[in-house]
Structure formats: structure tokens, C-alpha cells
Amino acid sequence: MPSTAPRPAGRSGRGRRRGAPPGRPALLLAALCLLLAAPAPGQEVPPLPADPPAEAARPQPPAPPPPPPAEVRAADTPSDSGRSVTVRWSPPAEPAGAGGPLLGFRIERATGADGPFAAVGQAPPGAVRYDDTGVDNGVAYYYRVVATRLDAETASAVAGPAIPRPQWINTNQWNVFLILALLLGFNLYFIEHIKAGGKPFIRKIAGLEAVTEAVGRATEMGRPILFVPGIQDMNDIQTVAGVTILGYIARTTAEYDSRLTVPTSRALVMTTARETVKEAYLSAGRPDSYDESSIYYITDEQFGYVAGVNGYMVRERPATCFYMGAFYAESLILAETGNSIGAIQVAGTAQPAQLPFFVAACDYTLIGEELFAASAYLSGEPKQLGSIKGQDVGKLLGMVSIVIGVTVLSLALVTGWEPLRRAAEFVREFWSTELA
Amino acid sequence: MMRRTIPLFITAFVGSILVIAYFIPHPPFDQLREDFSIFFDIIAAVAFILGGGNLIRMHGNRVSRREKGYGYSLVTVIGFALVLVIGLTKMGNPDGFRNSSVTAAGSYFDLAYQYVFRPCAATMFALLAFYVASASFRAFRAKNVEASILLLVAFIILVGRTFVGAWLTAWLPPSLDFLTIPYLADKIMTVLNFAGNRAIMIGIALGIVSTSLKVIIGIDRSYLGSG
Amino acid sequence: MSRFIRFVETFNSLDKRWIFLAVGVAVVTATIFRLTFPEIPTPMVRAIYDKVETLPVGSRVLLPFDYDPGSEPELQPMADAFVRQCAEKGLKMYFIALWPLGQSMVEGVINRVLLEEYPQLRYGEDYVDLGYKSGGEGVIAVILTDLKKLYTTDARGTNIEAIPMMAGIANIRGFDLILNVSAGYPGLKEWIQYAGTPGNIPTAGGCTAVQAPLLYPYHPDQMLGLMGGIKAAAEYEALMMEGYPKFAENKARYLTALTRMGPQTVAHLAIIFFIVAGNVAYQIMRRRKGAAR
Amino acid sequence: MKRIVWWGLLGLVVLVLALRVAGGEMRSPFADLQGFGVWFAAFLTLAIVSFLYNDNPIYRFAEHLFVGVSAAYWMVMGFWSTLVPNLLGKLWPSLTARWFMPGLAEQARDPLWFLYLIPLAFGILLLTRLLPKGGHLSRWALAFILGTTAGLRLIAYLTADFMGQVQATLVSVAGYTPALTPGGAGVFSFERMFWDLVAVVAILSALSYFYFSKAHTGAFGRFSRLGIWVLMVTFGAGFGYTVMGRVALLVGRVEFLLADWLSVL
């Protein structure tokens, strides 16, 4: 329904980095491409022969068959939920000119060491690994890898038995665990630090100061305030942050006694927003001013919702419009309509594709992370500021890693010094979320 | 007391289990994260009763009180009720109630989609073509350094998407290739736009991690009231 | 105040509805009159065109169509253009599909282009539809060594042995070009990895605009050219028009991508005009205000 | 006066359309269901476009119809594509198969079917809002939802967006490509080095803009100012790049009106 294509699950291929060298496009682009272009399931695709022999498939004196894949090993895929066996082999030395290049590998499986073997999958030339996911837990399997060439093929020795099983701990994700622990640790530390009386410095956020001002303006003009919590459901953290900001705005409108309207695109957001606004009016000491019917559901349909909100805007002419949450293509429709009625507009979203439109058409925009910082800041609880500090430490970690990683990688590439190369490999591994 | 404690406990329990489950490949934990996304969908589907009910009540009230413009509310109520009935009963479905999908071609539900839902949604979406024009006319003015950068870049990209981009700078000698609009447009998209979006995404990810943590440990709970 | 200044002032804060009207009129007229604009082909597009142009008559071209109706609007113009150029050059076309619905895309092109525009070409002698086979890259890996292992008949059920243009073909390694049109997996990437590179067959193709950046890294070593989306198809059509002037006569038929680019280009130009004029007006007003002070 | 002009214009349009229909040049709205559908769709299309001029009764009608129809549409879809297969189908597969989905008949009941009692229970709790008393139980459902959201998103964004994006930035900026074959020569490109460096500096500076707990003054302030410029380039480019797709949508609607409805293309 939303108009942005989902990002494919990123898998950065270790081997793929060694793939074809990018031509003119920046290496960075290539890096993204490699990150996004996931390899076919269960395969790791290392380098393709960069310079395939020019002569191929012409009648020649019978060439010796290709050398068999060496050191074939088959074992239960570690750190998984079972039903998978990983087959690995060493790339066979390819004698140049003898019978043409390798076309790839065929992986074969049997339940006995003597066969019969049946093909279970293909791997491209240069591959050194295949994950067979068509197996059952607790059964012993045997494998062999067949190197294929146009005119001949050679099977490896039989490897196995491998017995697939599920594991209890995913040790591949140690780095994720470590980074998670670090981030959570810093967040908790700073939250506790502030609880104990620490005072954090938080820089000025332009859109944030505009929030109070915008509420005041609507009150002066005696016109309503419109709050749009995005078009996603409560399963998006942006909506959660938006509703937290709504809580602050509702406390302010309760104090100023101005009208607040919240149309929602999801029933759950309506329910949560009602609870939040009710609590806000309660804590501001004005429970009787709370009007449930001003927070209402329109429709789940993205553009139906926009049609409804647009209609509200031109008829009720709110003086202030807030857009806080997850937005898609409707961002600009809302912001341009709001602009045409002369409303002051404050937007905040973590939807990178929609930021350009809010920045162009709104008076203030909370850009990406600023939305979350604002929700912590406006919550009215000092301890929540600790999380902003926690976010900063995360950024510092990322920035330092980028500086170190990029330096080490560049040096390793230029000097070719083995220890540096290993260090570079380690830095990349550390940030990799790919299952090894 | 209980009114707050139990919800806070539920959130903390569910949140931490789902975080931990990421590190446990063994069944049933391997499926837990997927299962819970489905649970969310189910609860959201149940919530349609609240949303739809509220819609009907709101517009129904306007009609029964004969408020100004109640005729429009009547349109909403009728449209809603009609589509709900033909959808839930699969009216007009070629293969009957049990054997056909609700969206089967030829069903009344499909007609409502084809001739009401789709033209409205597509046209609303298409209004963007007009709004990008009016927004760029208003916003892309060289008022200060930031606005000028915005203007210049948008201009290069816009021009670069048409044949004009290549024409404008075709006279440049090959040694100045790096000043041509197609080259600049390409570099802006592949290097700078890319870098900016990456920084934004990293920041957002950290914001989401922190906010999620606050929700799990129960200090972000505006729906329960602060303090 | 002079009339000019008054005009500038009005324009500076122009009612949005004039802009809406301008965009609307521009798009509607461009659509009705099928306006086209010259496209300047990028090197990646030109590389494909030149490759096909330089192939000798009778060369074998494999045309895998790996897309479905969902991406048809974006990819059909380039598929048509490829086939048209191959037909003009007298190349032998071998159609194949790794997507279940790719088969009907192939049939569409054959009906639309080959049967209607080139009735003199004979099925089985000048082109053949090998049809759909499931198995993704596995299919590619197999036919690279042994075509007949998977294909005993063509899509119409004719025995491969009875098709004249299949005589002497054991696998696809003897082919002169792979020209793929794809909308995802399996697609161009798999053709490069499993056929083009190991089989040393020149490979090129077109894909949706969204996918194009993911494939750039294969250029130029493993992929001789790439076309992303309708814009690249329009550039290709511009090249076709240059090489075969007769295509300019029926825009609706031969230049679908170029005609589709027409309204988009007009709208772009209208928006660019408003940005430039708006800035000129803004600067004039600012100078005046500065001078008045 | 203005009103007379509008009505006159409208009358003229109706007359032209009627003549075209009478002459068989375009589809009649009364010929069949499809004919009526196309006319109605064209009417709704024009009604929504009319909002660009001003709010008016025709837009208001289209808006209210669209809201009602689409709300019911998603409600029905939620019932048939989520509640029936994922809740009823999991809890009572044979019953569901008999009544709604014959396709489920062959499937065995999920061994972990009882887990689906969880969403059922919380769904019912959510509906307690409709009761005059005990509405606070619906907060339990909200608590469950927020816990689920936080638990799922925390990990998803940490891995895919934080770690993934940092890792993707870890590239060499030496502008040097080592030889791929042993013995070959590496390639150095100044242009590549330049742009790779630009990319890394751009990312770092834009990140520094998001650094909240340090005053943006002095050298750091200048660096984060650079970051703002990078963000402005990003937004300008994002805006400019999207225009084409938006115009394509409009062309789609124009083609619908001209070809499917008016049959003039």
C-alpha cells in the first residue's frame, strides 16, 4: 500500500566483495549493490574468473577431466534451527587451457556412503560452500561435489555423515549481542545518571521549540490544532514516538484550553492516542475538557485517509498542523494543503524518502533521529534525556569505527600487508550481520 | 497500582522475550518473532471493529442529528455498510461463498474496488504531480545557503532527468567532462544522496533502538500517563 | 510602481492554481499529441545497440524474458525494441523464460512484433520459443552444458530435433549474445553468473529502474551494457530511430517508451521553468526591497 | 454571473458527451455494468482533481464515498486474509475448512496452535473498551502490542540499519583496485579516490549533525554545518528524482480519462 519499495533483506556477501570490480561508479555504490544483492539462497558466490580463457568449446584433443573439488566437508549448519547441512570444499586448481573453464558445481546427496547420490543443487564456478536445506533433523547424510565442465565432470570424494540438528544459541551473532549490550548499557547508564541528578546538555533542535510556539499561535487565533500521527500502525516505533509527542501537545492544549483534532488511519492508533490524550488532560488537571470524539478513525486506506484529512483541513482551517510519525507519498499532499490554508506546519518523520517533501513544504521538520530525540525531550521526564545521550554514544561508536575501518582497509589494500589485511577483515566481520 | 503494573509487566516481558529470541535458533524460539508479527496483525484486524464502529457512530450521529452536511455522512455510512456486507458475504462471487477468494474477478467486492476504490486512490496519488510543482515553485528559492543548495541540487537532478541536461553542457570539452550535468547528476545521486541517506538511516536506527528500550523498561508509556 | 514590477510581484506569490493548470495542460496536451523529445543515449545503452548492430547476419541471440505482467509497462518497450532490431539484422532469436509468466511475455512479443511486422520470418528457422522451465539458475547451469537435457521440445510441443534452427546446437555456449529482460530473480544477474561469465558469452540486458543500481558492478567486465527502466528504453528507441528512420513514422507503435517520456519531459520542463522564473522574480523583489531601504 | 458561466460550461460538456455517446464514439454509461463503472470512475477521478481548484460538493461526495468504501474494504480484507486463515484457521482448522476455506482441509493442526490463543485473548481484551465498565483492560492489549513492537524493531533496526549501514561504509578510499589475476597490475583512479573520500566525509559530517549532546560550535560546529549541507543535497536530490514517478502517475490517470472513458486516444 505505501508507495515505497521495501528494501530487500540486506546480506553482505563476504565473497561477493571480491566479485567483479566496479568500473566507473564509485566503490561506495558498488558496496551498496553488493550489500543489497542477496545471493541465491544457500550459496556464497565468490569471485568469478575475471579473465576467462578466450577459446571455449571448440573441438580440441580430449583434455583431462577437471580436477575434483578437494577437502569436501559436510556438517550440520551451526547456529541454526536445524534441517540444514553445510557443504564446503576448496576451489580446485584450474589448469589453464585444458578443456576450458569450469561451469560450476553440482552438489549431490545420499543417505548412505555408497549412494545412490541425487543432485540437490547447483553452485557457480568459484563457489566454496552450499547450504542444503532440504534435509530432516537427526538423519545422517553423505555428500559429494561434482565439478562440471562442458565436456567432462569429476566427482569429489564422499563427505559425511552430517546430521542436521537445531542449536540453542546462535554463536554467529556474538557481534550483534556485543553491540546490543553496549548500546543498551550506555542508554541505561545515562538514564540512571540523570535519575541520580546528572544534567545533560542537549543542543537546540529547531523544530522542537516550534512545537510550543505553534500551539500558542493556534490558541491566540482561536482555531483548532491538527495532529496527524502518520499512516502506520502501532507496530512502527515512529508512531510510538509520534504518540508520545502527542501526549506533550495534549498537555499544552489542555493548559491553553485550545481544540485538538487527531484523525488516525489505524484503529489501534486511535485507541492508543485516546488513552494518551486522556492521561494528558488528567495530568493537566482538566479531565472534563477531554473530548474523545476529537480523536477519530478515518480509514486504513492511505489515500482515503489523506482525502479525509484534506477535507478537514480546508473546512475547519486549523491554525497549526503537526505531522509526527511514519509517512509515505501522502506527506506532500498533506503539507501542500496545509500550506494553502496558511497553517503553521511542524513535521517529524523517520521515513528518509519523505523528508525532502516535508523539508520543502513545512515550516519546521524534525529530521529522522530528531523525531525520537524530540519525543524524549518533550515527554516531560528528564530521565528520558538519558536515551538521547545513549543514541549519541551509538553514533560515536559508528563514526569511530568508520574512520578506523576505512583507514585500515585503505592501507591494507595499498600495502597488501597481511596483518593489516586481517585487521581490515575483522573490522568488517565485526559489523557484519550475515550468518557465517 | 495494579492498573499500571500489569501493563508495564506485559510490555517488559513480551519485549525482552522477543529480543532474546533473536539469539536462540532452537524451535519454538526460531519462529517466535514471526509468530508475534502475525499476532500483531490479528489484534489489528480485531481492532477494525473499534475503528469501523467509531466511523459508523460518528457519521451515524451526524445523520441522526441532521447536522449541517449530514448528507455526506450518509454517503460514508451507505458506502461502508454496502461494501462490508458484499465483502463478508462474498456476494456475486463466481464460484460461490466457500470456494472463491473475496477479490475474485466479477464479484461485487471487486467491482467496488475497480470502479470506486482504485480510481479514487490512483487520482489522489496522481495529485502529487501537481503538488511537487507548486512545492518546488515555493520552496526552491535562493534565500540562504541551505535553501540555495537545495535549489541547485534539485535543479541539476530535474534537468538531468530530461534530454536538456545532456544538451546544456554538451559543448564542454572532454577534459571538463566532470562538469557536465549528467555526470554531476550521477555523482549527486550515487555519492552524496547516498551518503546523506545512510547517515539519516544510522541515526534513525539508533533512535529506534533507544525508544524501543525505553518502551521495554517502561519509562516511555504515555498511554499510561507519565510520572 | 511600474507594470513590470507589479507583474513580478504577482508572479512571486503566484496562486498555486495557475501552476496546477500549467502542469495539467502540459501533461494532457503531451499525452494527446504524443509529443516526443530527442533522447541522448548513455554509453551503457549505446553499447548494447552497437553490439547487436555489429553481429553478422545469422548470429544466434538468446532472449530470456524473465518478467511478468506486473512489470510489463516498464519492460515491454525494451523487449520489443530488442526483438525488432534482431529481426532487422537477420539474427536468429531463441526465446526462453525462467518466470512462469515470462512465457506469455514471449508470446506477446512474437504476436506484436514478429507476426505483425515481420511476417516473412519463419518460426523454427528465424526464431524459436523454447518456453518456460522452472529451476532458476539451475536451468541456466544445465543448458550451458546440455540444452537437450531440459529442452526436448519447444514451447509449442515440437520436437527440438525437428526444428531447423536447433540443428547442431548442443548447448548455449555457441551463442553470440545473451539479451535478457528481467524484473528480478532469476534474471540478468543469474544469466551473468551462470552463463555469461563461465560460458564466455557476451551478456547484456534491461531491467526495471529500481534494480539497475544493483547490476552496475558487473559492467563492463561481465556485462557489456545495461538498460534501466523506461528512460533507457526511450534512449534505445532514439538509437533505433537513428539507424532505421522508418520507425519514426509510427510513434504509437514503434516508439512507446519515447512517447511515454513525452508528458514526463514536458512536466519537468514546466516545473523547471517555474523554479527559474520564481527565483528571478524573487531576486528582483529582493533587490528592490534592498534599494528602497 | 460566475455561476451562469459554470453552469453553461457544464451544460456544454454534458452535451458533447451525450453527442459522442449517441454517435457511438464512446462507451455508454447505460450499456452494461462495465460501462457504468467506467463512467462512475471517470466522475470520481474528475471529482478528486477538482479539489485542486477548491473544496466543493463534488469533491466532498467523492471523499466521503472513498472513506466509507475503503474503510470497509480493508476491514473485509482483514477478516478474510488475517482473521480467517491466521486465527480461525490455526485454532479450529477443520471448522474453518468446512465453512470458509476448503483448502485448509488437508493441513494438520499446527503443533503450537495454542499460541494463537494469545492474540485471541488480547483481541478480546481490546474490545472491552466497548463495555461501559472495565475499559482499562484494553490497556493490557496495548501493552502487549507495544512490547511486541519494541522487541521486534529494536533488533531489526540494530542489525539491518545500524550495523548494516556502518558495515557498508567500511570501504577503501585508496582509489586503488588490486589486480584480480596474479601477476597483473593494480589500477589507481584519482577520480574514484576523490568520490570515495567525499562519500565518507559526507556520511561522517551528516552524522555529526545528529549529535545532540555537544554544542555545535567551533570546529565541530563547522563540521556539522557541512553535514547540514550534505542533508540539503540529499533532500534536493530526493525531491528532484521523485518528480518523474509522480508525473507518470498523472499520465496514467490522463490516459484512463482519454482512452478508457472518452475513447479519443
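Note that the chains take the letters A, B, C and D in the order they are written out, and that residue 1 is the start of every chain.
As a convention for this text, a residue touches a chain if its C-beta (ideal position, glycine included) is under 8 Å from a C-beta of that chain, and two chains touch if they have at least 3 such contacts.
Which chain is which protein? Per UniProt: A = Fibronectin type III domain-containing protein.
For clarity, every value in this text was computed on a predicted model and none was experimentally measured.
When C-beta pairs in contact are tallied for each pair of chains, B-D comes out on top.
Put simply, the chain farthest from chain B by mean CA position is C.
Averaging C-alpha coordinates per chain places the centre of chain C 26 Å away from that of chain D. The distance from the centre of chain A to the centre of chain D, with each centre set as the mean of the Cα atoms, comes to 17 Å. Chain centres here are Cα means. That of chain A falls 31 Å from that of chain C.
Counting partner chains per residue, chain A has residues 21, 25-26, 28-29, 32, 50, 176, 180, 183, 234-235, 237, 240, 268, 271-272, 275, 297-301, 303-304, 307, 336, 352, 355, 357, 359-360, 367-369, 373, 388, 391, 394-395, 398 touching two or more of them. Those residues of chain C in touch with two or more other chains are numbered 16, 20, 23, 27, 213, 267-268, 271. Each of residues 48, 51-52, 60, 62-63, 66-71, 73-75, 126, 129, 139, 142, 145-146, 148-150, 152-153, 155, 157-158, 160, 162, 166, 168-169, 191, 195, 199-200, 203, 207, 210, 231, 234-236, 238-239, 242-244, 247, 250 in chain D touches at least two other chains.
Chain contact topology: the protein chains form a complete graph, every chain touching every other one. Here chain C touches chain A in the complex through residues 16, 136-138, 141, 144-145, 171, 173-174, 185, 189-190, 193-194, 197-200, 210, 213-222, going by the rule given at the top. Taken in their complex, chain A has these residues touching chain D: 7, 9-10, 12, 21, 24, 26-28, 31-32, 35, 47, 50-51, 175-176, 179-180, 183, 200-203, 205, 234-237, 240, 268, 271-272, 275, 297-301, 303-304, 307-308, 310-311, 314-315, 352-353, 355-357, 359-360, 367-370, 373, 388-389, 391-392, 394-396, 398-399, 401-403, 405-406, 409-414, 416, 427-428, 431-433. Note for the complex: chain A touches chain B at residues 3, 25-26, 28-29, 32, 79-82, 166-170, 173, 176-177, 180, 183-184, 187-188, 191, 233-235, 237, 240-241, 243-244, 246-247, 266-268, 270-272, 275-276, 279-280, 282-283, 293, 296-304, 306-307, 329, 332-333, 335-336, 339, 350, 352, 355, 357, 359-361, 367-369, 371-373, 375-376, 379-381, 383-384, 387-388, 390-391, 394-395, 398.
Those residues of chain D that touch chain B in the complex are listed here as 33, 37-38, 40-42, 44-45, 48-49, 51-52, 60-80, 82-83, 86-87, 99-102, 112, 115-116, 118-120, 122-124, 126-127, 129-130, 136, 139-155, 157-158, 160-162, 165-166, 168-169, 191, 195, 198-200, 202-203, 206-207, 209-210, 227-244, 246-247, 249-250, 252-253, 256. In the complex of the two chains, the chain B residues touching chain A come out as 19, 22-27, 30, 37, 40, 43-44, 47-52, 54-55, 58, 117, 120-121, 124-125, 127-128, 131-132, 134-136, 138-140, 150, 187, 190-191, 194-195, 197, 200-204, 206-215, 217, 219-220, 222-227.
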